[in-house]
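Every chain is named by a letter (A, B, C and D) in the order it is written, and numbering of its residues begins at 1.
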């Protein structure tokens, strides 16, 4: 019977993590559980940096970006010794189970640690890349997409007024989800993603032809995993002879006030994670699929996510 | 075989309608169809206010709120004579099929008109209320929710700083969807919706008790169909003796730059509507359900939408 | 020689108050002063609710709306007994001087209190109404104007798409500053302010004439001190026979992330206030006039502010 | 006596240019002048790309970024032959005077051209860099600052959550105005500007010392004219051994919905420019100084603008 849980955020921060923390803490308190907040992810477990959380600990954070628990990568936890020390902390504070808020890397670590020490772990998927398999959306991806879209809208003003070509790099190491969403919603002319071979020569051909017809403003979105904006812009300039600007949106996509989708998802999943632990479940993540809360085993969640990129790509091209 | 289609927006405007128009027009052109844009909804068909649209007609509108085709309610179309005149226009311009962008009222009209005159009509659900049955989301509801949420976040600053009770009225005539999403995401203390009986006395009791414990800031969201903010605020003041402020968000929820969700949905559905017409379909709406594009008969779409309000309401209360 | 100061926020909250607090506290610490934060304005002095503040007390608040010190009106301070108790607190904690962040009412109270008990008070003007005399801008007014403008932009989408008349009520009890700024920047058709007699009949005449020429979308801004949106909308409907919508923006104008102007002003003035106290000044407010930091006696600051409304009004009408 | 004027936008685009165009066109029409809009800046004069503008030509643009007249640099206009052809267009269309919306480069060109061909030119300062001498603010700089500030706020979420050092490059080739405003308002730890020698070693020393005390999150703003974010980040990593991220905000600062300040300034100056031409003035720019509309000779306007950077810099450091 679970009496005390701990919650932590690991990996890259994502907008909505604070809403998830709020939901885990308040719902757990509502269910008569004790809750501890662990700081700096796995590092805080290893180094005993954690404290008791109550209802008031999570006041007025639902609309803040980032994570009040802080986060980070933790190489020490990859080593057996690190995990052993983390387990010492768990025993010392009589923690019965963990809620791990993070992405694929976080779930991989929780999967290993939970089985090694027989400590129930439930994951809440939070990652701007939307790359957790078996669920529809991760917490934070909707916010990141809207932040990138807002930047694209700004660039469109200038690209139209000054009649220029822009290459805009968005996040997405293995996954073109952000790039495709933004390119479609932004009315962009082309998009380069990791899942699809890209023919830059054909695009340059289109640009030159477009130029002859009077189409002089172009925005090309590239996912960071598929290329670098400065390099692509340089190649386009070389191939077409037309001045091409570039911008790397980078970390502005990580922060900011979470959108309604990111917050509502986080709040529903926080409760769901606590419910899972109360029901004796472990070694899995909660998620939304088809508008319903469900769970997916960590083993499945960390597999490469498939995504019908062709449907998006062909629509983007058809509307250009 | 369809050669020429017309597109119109009817009913209340919703952010993302322009993205839907863009997609219908450009994809139809891409499929070698002719397209006409009809102005002011059904009124434009009755009064022959329409014109040829091409690829350029919808440039630079993907990120604009409102609708370049304009919209409005049209009582004349309820009468047989109005519909007869609309059909004259359709014959005169050799229009083979209609794409109708709007909500329940628009689909009811399209259902009647399409069958009466045997003119294929496909609907694209756009309405901030998210009240179209058989599909997950309408175009515009995500934007309206984020606009309302932004207002709630602002009110929270003042409600916390000045320690006050606020009643905030959001849109939703028959449907508490906006109110529930916003109340959850905004960390609000209570929510009043059409689908659920509300006990104002119990809430006032909570407020007074909270006040004794030192909880002096409250935000209560009410859907317009379930009550009026000024009246509820007045009652709370009377019952508790505590100063209570009210705000009716009203039409600011209708406008604004559409979010990524509203735009991407609109762009996918615009194509889907044209594909339906090309496949010989009619008398139905396109929509997303479980992340997939599908169709729903107008007859089903216009029925009252059911929505699991208890799941949302109990979570809001558990987290307060 | 001043060794310890206290800072408080009083009256209505305004975006940027937190930035002002940050600047007062950190600059005072930088100047080797001790600082206390007083909670809930004068009430906190009367009821001894205050605590020591240091550099870390004001971390990560520069971009937050509201005020971490909380605020409110305090009728007890109007009475001699209240002020006597406030002075007891000041003696007890060996506070040498006060920084009072607020508007006209706050300065009136500080003026009286400071002279009565010979306690140096320096005011920092923060009020969304921009109604402090002798200085160009109050902290918060730029943010409030941008919030109202964003709402007006949203309403324009719907007013244009649905061809409707809107009356929008903004803040401004004695002062049309917000209304004029917003009406001009929003491209609105008319504006009603306290400083100027308004001829509703003439406006209705313009509306009807415009309607005949095809101009069917109107936005009329009204300052709360000059009329109520619901009443004016009702009268326009009666006089013109045209459906007229209304919206009262209310408290959403108070909150929100402060703009750069509101923050930079607050940060410069926080330092300036501490510098004044160090220089032995008292009974005055700091402010920006012509881009320079200067001071204005409380007696002058609380007089009615004059403002060239005709220049603004005639431009609004010329551009309609 | 002036009967017909033409308006054009040249140089880099700035948010609020459309508001300025609206004001020039509508106020000129209001004053019974004829107006032409010239496309693509000086290029449009050389290549006879211009058309008649009326009241409706500038409807619904007040809130749009970019410029409907389009803009660009025009090397042909630097050559005598280009200017001669531009003058041919002016004669052919019986244009009596020009309103030139742009920055320093635009005014330099207008100064030369106006005197060469005795054509009255009045400038409206629009440039995100705020680098026009003799006036307080250029149209667009407030919007650019707020866009950059919003990015900085996002980065702060991540920098605090992940405890990292960030170098953020903002616009400002010769002028640190944007960088200083943003660094102060964003609560940033340091700022590098063209007007001031920067000691990177001292900063690295502070970072390392801060790190020992537990201060692990830093944001350093750099103006593009004073250094490159990637290079500075690399040096900090080398000097401190601490991972340092960088981001170049670039063109997202150019676009976007203009703020109230940018729009109101543009609308007042548009009228002022037309009034100048009607009063027979020429070879000067209109501007706001100390809250008043005034004029400044082109010769003065294009000189290097001085700006009290020390006041800003020392405040930023005192508050860190």
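As a working rule, a residue touches a chain if its C-beta (ideal position, glycine included) is under 8 Å from a C-beta of that chain, and two chains touch if they have at least 3 such contacts.
All values derive from a computational prediction rather than experimental measurement.
**Student:** Compare the CA centroid of chain A with every other chain's and tell me the farthest one.
**Tutor:** C
**Student:** Please tell me the distance, in whole Å, between the geometric centres of chain B and chain C computed from their C-alpha atoms.
**Tutor:** That pair's centroid distance is 35 Å.
**Student:** Starting from the mean Cα coordinates of chain C and chain D, work out the distance between those two points in Å.
**Tutor:** Roughly 28 Å, centre to centre.
**Student:** Where the CA atoms of chain A average out and where those of chain C average out, how many Å apart are those spots?
**Tutor:** 39
**Student:** Would you pick out the residues of chain B that each touch at least 2 other chains?
**Tutor:** 153, 156, 160, 257
**Student:** Have a look at which chains touch which and call the overall pattern line, ring, star, complete or other.
**Tutor:** Graph shape here is a ring: one loop, exactly two partners per chain.
**Student:** Across the complex, what residues on chain D touch chain A?
**Tutor:** 9, 12-13, 15, 17, 40, 64-67, 70-72, 147, 150-151, 153-158, 160-163, 166, 245-256
**Student:** For the complex, which residues does chain C have touching chain D?
**Tutor:** By the definition above, chain C touches chain D via 19, 22-23, 26-27, 30, 60, 62-63, 136, 142, 145-146, 149, 153, 156, 160, 181-182, 184-187, 257, 259-261, 263-264, 267-268, 271, 289-291, 315, 318-320.
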